[in-house]
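Listed after this line are the structures, all set down as structure tokens.
Next come two complexes, and both contain subunit A; in the first it sits with subunit B, in the second with subunit C.
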Partner chain A sequence: MNNTDFIAALPLIILAGTGLLILLWDAFEKTPSRAPLILTMAGAIAAAIVAGINMTGPASVAFGGLLYDNAFSNFFTIIFSAATILTALLAERYLLEEEVLVGEFCALILFAASGMVMMASGADMLVIFLGLETMSIAFYVLAGLFRTKTESNEAALKYFLLGAFATGFFLYGIALIYGSLGTMNLVAMSNIHSVTTSGPMLLLGLILLIVGFAFKVAAFPFHQWAPDVYEGAPTVVSGYMSTAGKAAAFSAIVLVFSSMPAGALAGGAAKIQIVIAALAACSMLYGNIVALSQTKIKRMLAYSSTAHAGYLLLGVAALNATGVAAIEIYAAVYLLMQIAAFGIVALLEKETGTGLNLDDYAGLAKRRPWAAFLLAIIMLSLAGIPPFAGFFGKYYLFLAAINAGLTWLAIVGVVSSIIASYFYLRIIVLMYFREPLHADDGIAVKENNISYIAIGLASAALVVLGLMPGLLTDATGYFFK
Partner chain B sequence: MSSLSNYLIVSAILFMIGASGVMFRKNVIVIFMCVELMLNAVNLTLIAFSQFMGDQSGQILVFFVMTVAAAEAAVGLAIVISVYRNKETVEIDKLNLLKG
Partner chain C sequence: MFDIIFYIFGAITVGGALVTAFARNIVYAAFSLLFTFFGIAGLYIMANADFLAVTQLLVYVGGILILLIFGVMLTSRIGTVDIRVGTGSRWVAGIMALGLFAILCAAFFGTAATHTEKSADGKSQVVTSWATHATRPWSGSKWNQDATTEALKPKYGAPDEVKSNEGSSGTSVEIGTLFLTDYLLPFEVISVLILVSLLGATMIARKEPTKEEEAIAESVSV
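Entry: the complex of A and B
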């Protein structure tokens, strides 16, 4: 253990340390204030800067083979920090209005972020498991943050039970992989040249790992919890867990899969690819088709997040250099789009919990032109229409699938994107070409500049990254040909 | 000393009992107990592998799993209590506010 180990782990230490600091501060300060939110942002910005500096340095493995410090891990650290910053900005109005405990909220999102960083940089399945649990336990509490609201309680309970169930599968998968390869360390695993133990056990382990992972990212057919949880959880939290949480799970699965020793599976590798490809195809089609019939915006976004998990799974199925880079790019783009979309929903939500139906968005352009404009950009980007960043994200994923010989999967992806554009564009039609169904009922939501700044920043990033996709592709360190 | 496969079969059976309990029981507390059973079945697998391969990392992971299970229990039971305060029930069927 030396200084370089600590520098490699510094983003993690900063995120967790800031969380602890906020908890401590909160114990002494009783009046609600914005200080924890500012501290959260400062911590996340510091973590992102350190990760950015680490990214330029040479790749290494710290703490005797426990933590990666490379372009991949630092890229994900930066996007998790960005998600934390956006969530803190969006939460400002939401939390002060709903009178929940701001300090606890901030500490929990920082702990969740530190769990995510562990998942993206774990070089040992032990670290990945701990990261997953650190993140998940923080999310269970965040989903139930509104203790007096029955919806929030119910969301927390459902998320907790299914999350813990998924953890069981994930862990069994780890145990079987450990048993068949003799090690839990990913670096040691990728250096195994000849595998003597049985192949079927390894195959079963990987399948169980995929099941646990599919639960966490809400991929079909393990998505049933997602609409309920995203609907019942505080809107800002839904945005955070459906984006950063999902990106973290994808980073972990990419780490595990790309460390599998070549030849360990023999004929099994093709079977695993088919399983993942089938999950991807079903998630894309199911998510998008069911989203068509939703009347509540949070449920619609939940089903669309299942579809987006499908798009990202396409990159896992390809599992080549292009696929990994495409996952990094799409995770970053998806994170911006989805957090901003939930941010707008939180902004328009009434204190009484109404304002969440699609009908409430009719005629929004007249009542709140800025919110309608930003939501239009986000919806176009989610639908994957150029020149917004969502288009390039999908393009690289489809390209990766074609490069890996999965042309049929790319076709399914394109078809499901076309289906999806219907419900994304329907919101734009509702906002701009329909009259409001009912007049604004007087308890108009307070206009909040900080939320607008956060959503505006995310939307601007979508436009800039859409016009200059090179910014992201360079950051992933791969070259697209 | 019995063979490795005996331990693996016992833990696979325990895991399946736990998993089917989660799927078919209605009481939240019982479901939670079944989740714990699943985790402990995995612990048994890990210890068996660790013992037969002469490798320590499996046993180390078991300690972490027990710690995580304790943390999960703390959060989970707190959630159950807050649900009970609002709904006065912990039957999973009666929690049906959220649906499409």
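Entry: the complex of A and C
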């Protein structure tokens, strides 16, 4: 290990180190305080800054071919850090009110973030797998944070069992790929320049890998756990795992699939592309159609997150330069939208678990004009309506699909976006044009400025990135120039 | 001779797994799991992975299985419970499992992967996947023979004296060296993974203090 290795791994070290620091702090601190949250944010900001500096430097592979240090990995490191910061800000009110262990919560989200960084920068399937496990185990525990609530326990158990099952598929996939290519290293794989005969073993390994990933990103038909887990888990945690967790899984998919040796797949590449395209189309349609009939906002967001996984899979199916950049852009934009949406839900939900039905949002504009305004921006962006950032994210994904000759998939995407706009806009209609159903105000009474700051920042970013999409496309370090 | 021993270990593994899956009584299931773990350890030894075999015995047989049997022993009346779940889905599950088995077999026998890799000096080297290895798959450990891995890692790697010992001293020396050279990063990262697991386990298993206990704790600290 020399200096360049150390610098390449620095964001990872900072995130995990801050987690350790918080655990130590927590051991000596008796009274619950905001200190762990402030430390979390400081650590995440430091990691983001280091990643930003690394991004401008030359691309390299550190640790003798185990860790990428390039624009792609650092871009994802920055958005994972952003997600961690937003989650810490949103969690402030939520944690102190619900009386959970703040120190442990902060340590877990930081460890999860370090796992995500490993997934986005792993140049070896071993590192990617370890990152995936670190992230997943932290998520299983975070889902069950409210130990006294049955739904939270159910969420944790369901997520754990299905997640462990998915890990099995993932590992088997890695084993078969190793068996047919003789290496787990992505750099070495992309160097294999010719394969005389290609057997179905590599193809099977890749399919098993896709199954494992599809579980993690909740793509159809591996999405069944998502609504229950997102509903049962603490709301800020749902926001974190449905965004940063998905972005991490997609970064790893892109890394693995783009390093497959061109010759090794031969005719198999087209088959894999069809499988991914089918997953994308089904996820988009199914997620959005089922979300139409939901009456609870967290379930609605869960099903729509399946649809968003479908949009991102569209970029994987294309797997050209445009597709990779589009995945980066949409992962960042989706992260802002979804975390902010869950943040507003967390802000309005009551301790007793009410305030989560769509009906509770009726007439919100009169009772909470700011929350309604911000939620309106987020919903418009989620629906993909210009000039908000969600529109450009989708635009680049569809563009990538068309460039890759998958015009039919882009058409499915557009159609499903139109379906989706119905339930996103319905919330705006409810908030602004309906009278409240409950006389007693079904939503939480307390206001919280810190949550508003986080949601406001995310919404402002959505507007700014929507008006100036060049900021993001430049940051991806790829094309459109 | 090797072939015969391989099939004996394979039969022990599969047989143990079958009994585990179909046993009505959880105690039988737990005990037959012992044979599966033992058989897998035997297969590891035949694949020249002696370190892995010992780890398999220590962790699975020595740790997990003992824990499982203690759990059965300390849980009252669990031995009489029929652990199999409803019958309706069993046929579907069986057909799907057989289908998956058929696909795996097809992949295994259909793969004749001989591919060339670029080595450090630019020459091509033929690498044969073990599924169609002309000789026994376990006869040549590919450890450290991977040309691409060598090419990638000019900076690190096991010292030459360790490499020259290959085959005579087993794999544990090499694994140890690799953990502290080539695979330092995963080795360190595993400690984070284990820490997260420990933290998660304590968070889920901890006792929720009652109001009275909290009051006592407060009075003590004051």
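Keep this in mind: the second predicted complex is superposed on the first by the 472 of 481 C-alpha atoms of A that agree within 3 Å, B and C clash if a C-alpha of one lies under 4 Å from a C-alpha of the other, contacts with A are read in each partner's own complex, and residues count from 1 in each chain.
Keep in mind that, in the parts below, a residue touches a chain if its C-beta (ideal position, glycine included) is under 8 Å from a C-beta of that chain, and two chains touch if they have at least 3 such contacts.
Everything quoted here is computed from the prediction, not taken from an experiment.
Undergrad: Is A:Gly179 touching the first partner subunit B, the second partner subunit C, both, or neither of them?
TA: both
Undergrad: Using the superposition on chain A described above, determine whether A:Glu104 touches subunit B (first), subunit C (second), both, or neither.
TA: second
Undergrad: Just to be sure I read the superposition right, which of the two partners does A:Ser33 touch: subunit B = first, subunit C = second, or both, or neither?
TA: neither
Undergrad: When the two structures are overlaid on chain A, which partner does A:Ser190 contact: first (subunit B), second (subunit C), both, or neither?
TA: Neither partner.
Undergrad: Look at A:Thr407 in the shared chain and tell me whether it touches subunit B only, subunit C only, both, or neither; answer first, second, both or neither.
TA: Neither partner.
Undergrad: Thinking of the overlay built on chain A, is A:Thr4 touched by subunit B (first), by subunit C (second), by both, or by neither?
TA: neither
Undergrad: Counting only touches as set out at the top, which of subunit B and subunit C does A:Asn449 meet: first, second, both, neither?
TA: In the superposition, A:Asn449 touches no partner, neither subunit B nor subunit C.
Undergrad: For the three-chain arrangement built by superposition, which of subunit B and subunit C touches the greater number of subunit A residues?
TA: Of subunit B and subunit C, C contacts more residues of subunit A.
Undergrad: Which partner does A:Ala156 reach: the first (subunit B), the second (subunit C), both, or neither?
TA: both
Undergrad: Looking at the overlay, what does A:Leu23 touch: subunit B (first), subunit C (second), both, or neither?
TA: second
Undergrad: On subunit A, which stretch or stretches are contacted by subunit B in one complex as well as by subunit C in the other?
TA: 126, 130, 133, 137, 140-141, 144, 147-148, 156, 176, 179, 182-183, 185
Undergrad: Of all residues in subunit B, which touch subunit A in the complex?
TA: Contacts found on subunit B: 8, 15, 18-19, 22, 28, 31-32, 35, 38-39, 41-42, 45-46, 49, 53, 55, 57-58, 60-61, 64-65, 68, 71-72, 75-76, 78-80, 82-83, 86-87, 92, 95, 97-100.
Undergrad: Quick check on the complex: what are the subunit A residues that touch subunit C?
TA: 1, 9, 16, 20, 23, 30, 63-67, 101, 104, 107-108, 111, 114-115, 118, 124, 126-127, 130-131, 133-134, 137-138, 140-141, 144-145, 147-148, 156, 176, 179-183, 185, 187-188, 191-204, 263-264
Undergrad: Hey, which residues of subunit A end up touching subunit B in the complex?
TA: 125-126, 129-130, 133, 137, 140-141, 144, 147-151, 153-158, 160-161, 164-165, 167-168, 171-172, 174-176, 178-179, 182-185, 227-229, 231-232, 294, 296, 299
Undergrad: Going by the contact rule at the top, pick out the subunit C residues touching subunit A in the complex.
TA: 103-104, 106-108, 110-118, 124, 127, 129-131, 142, 146, 148-149, 151-153, 155-157, 182-186, 189-190, 192-193, 195-197, 199-200, 203-204, 208, 221
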